[in-house]
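Read through the structures below before going on.
You will see two complexes here that share chain A, one where it goes with chain B and one where it goes with chain C.
What follows is the complex of A and B.
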């Protein structure tokens, strides 16, 4: 399967009377987009804001971040099974508004959401401070049930990203990158001497506010299966979850999975990147046993020499992570796991809720309990008072002058367990 | 199957018809009650750290264990003991959030715990022929 990604670099975003992309500037007709999003009867109000890198702006509580993309050639459309038909994606050509993103915010259930600072020390902890963001502030109709509320905001974000993505359809990209995965047979013939490596991606699937959708299917109801890596780049996997901000995989992360990108970079020279095994993180222990058996069986069946395993979330998924690691290692396949740590504010406590001797190659994405102080911003988009209640916040987090003192877990993407950030340890 | 819970919404739902042990206490009290059951030979069926809500945030927890008690299951014991350790790590930093709509927040926490255990019950029901719910 072969996909061309045409990147159109976006250096600014502005409101205008006509939505278009011109000379690296993304112009947005706010009224038109707002009307489009308000077609959902579960949404009471939508307001749109712009947040650029370096501006004194704080966004909270952030739900999802989504990169605008559009299919230009090849089967299917962006976010198949949700916004487009369920045709298989990942081949042909896709255009990307690189440097732009849609950020969804508004009142959110249980406040499992995060902070993006566009400048100051907080900006260093989130990759989304470097993007030209269109912030969609969505408020649900009164009395809407929690699951319907989550879904309405999730769909609003995807629709806004698809609306912007379509503007890129006829724009000449600034660069075109090609990603190709051969079939198993072709790969073995083409790279007989290279180590075969697969990527095991664990998806958050515990239940309400903890779900991930694959071609529109709630992944907790699926057995582990395989994807061509380029399917991820066309939105085959969509975040429906509201787990802690620091280590949730937003839809932006799924589209730009760094493990996939780095494995592609070494594909054909240092290794043969065979594909992606996706699995789930259910609450019921028998599901965990079944799914980890299955991911190990798929890894064995693909005849790989090694796998990289990434997790999503805290606590319950630690058990899936260690089960996957143990069972795949038991097949004689080497593993490297990517996780983050909840090691206490002093960093002295045990980091994960589970462990095993076979998990001897671990990449950490940082300690989510670390305390950080975020100085006040001139403008706050969303609801600043939730600083006291979001994961990582506590009574007194929001101070009189607007400073927020929180654990790192409150910052969107700070300790992302795909490694889509800069924190780690040696 | 026995559902150990301190969540009034779970306890009060007549649609969840399996045996329940209601704990008038904290999230940690639920973990301890489950550990005591595991000592007596019950098996853990759902993960005690379900959900990404931390033990110092949500007050509610619901955990499924087996009705039958045999010899002690070491895997269950390891998971519950690790979970208690994680809980103790977090409750060192109580949240005591000064949110002005505490009632709404508690309702959300209760709903999330409820939905997560319903997801686990559905998995369990699939296994035993749909009789649990």
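What follows is the complex of A and C.
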């Protein structure tokens, strides 16, 4: 399967009377987009805001971040099974508004989470401070049930991103990158001497605001399966989770998965990137056992020499992580796990809830318990008072002058376990 | 908490869903429960069925508490 990604670099975003992309500037007709989103009868109001890198703006609570993309050639459409019909994506050509994003916020279900600061010390911890963001503030109709509310805001974000993505359809990209995955047989013939490597991506599937969707299917109801890596780039996997926002994968992360991109960079020279095994993180022990059995079985069947496993979230998913690692190692396949740590504010406590001797190659994305102080911003989009109740926050987190003192886990993407961030402790 | 109470001389039964974590942290008597969001109940059952489920779990835990163990033990039945 072969996909061309045409990147169109966006350096600014502005409201205008006509939505278009011109000379690296994304113009948005706010009325037109608002009307489009208000077609959902579950949404009472939508307001649109712009947040650019370096501005004194704080966004919270953040539900999702989505990169605008559009299918230009090939089967299916962006976000198949959700916005587009179920049809296999990942081939042909896709255009990307690189440097732009849609951020969704609104008071959702009482415990939606995530902070994005566009400047100041908090901006260093989230990759989304570097993007030209269109912030979609959605409020539901009165009395809307929690699950319907979550779905309405999830869809609003995807729709807004698809609306912007369509503007890129006839724009000449600034660069075109090609990603190709051969079939198992072709891969073995083409790269007989290269080590075969698969990527096991664990997806959060634990209930309301902790779910992930694959071609529209709630992944908790699926057994582990495989994807061509390029399917991810066309929105085959969509985020429905944001609680303890530091280590949850937004839809933006799935579209731009750095494990996939780094493996592609070495594909054909240092290794043979065979494909992606996706698995879930369910709340029943039997599910955890079954799913990890399955991911190990798939890795064995693909005949790989090594596997990279990324976790999503922390706590009980640490057990899914260790089960995957242990069972895949038991097949004689080398593993590296990517995780983060909850080691207490002083970093002295045990980092993971579970452990095993076979987990001897570990990449950490940082300690989510670390306290950070986020100075006040001139403008807050959303609801600042939630700082006191979100994971990582506590009574008194929001101070009189607007300063927020929280654990790192409250910041969207701060310890992302796909390794999306650039900060290091070296 | 399990380990500190046992250190003080009282036997403890750890009722939990993710048994591997309980084994990793060193509980001696472990009773597996239903699910992470509802360890001692099941919202899919009727109230009568759920009461029976709860009683069985508690009976099992009390039995585990009065059982001598030589090593970490998971009370499956």
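Definition applied: the second predicted complex is superposed on the first by the 420 of 426 C-alpha atoms of A that agree within 3 Å, B and C clash if a C-alpha of one lies under 4 Å from a C-alpha of the other, contacts with A are read in each partner's own complex, and residues count from 1 in each chain.
Please note the rule applied: contacts are C-beta pairs under 8 Å (C-beta built on N, C-alpha and C of every residue); 3 or more make two chains touch, one makes a residue touch a chain.
None of these values were measured; they are calculated from a predicted model.
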Three-chain arrangement built on chain A, chain B and chain C clash or fit: clash
Contacts of A:353 with chain B and chain C, given as first, second, both or neither: both
Touched partner set for A:207, first chain B, second chain C, both or neither: both
Partner chain in contact with A:288 - chain B first, chain C second, else both or neither: both
First, second, both or neither for A:322, with chain B first and chain C second: second
First (chain B), second (chain C), both or neither touched by A:244: first
Partner, of chain C and chain B, that touches more residues belonging to chain A: B
Contacts of A:11 with chain B and chain C, given as first, second, both or neither: neither
Common ground on chain A, meaning residues reached by chain C in one complex and by chain B in the other: 206-207, 283-285, 288, 316, 318-319, 353-354
Residues of chain A defined as touching chain B within the complex: 109-112, 146-147, 204, 206-210, 220, 243-244, 248, 282-288, 313-316, 318-319, 342, 344-345, 349-350, 353-354, 385-386, 388-389, 391, 393-396
For the chain B and chain A complex, residues of the former touching the latter: 44-47, 49-54, 57-58, 64, 79, 82-83, 85-86, 89-90, 92-100, 105, 108-109, 111-112, 115-120, 123-124, 127
Residue numbers on chain C that touch chain A, as the complex places them: 17-21, 24-25, 32, 34-37
Residues of chain A defined as touching chain C within the complex: 206-207, 283-285, 288, 316, 318-319, 322-323, 353-355
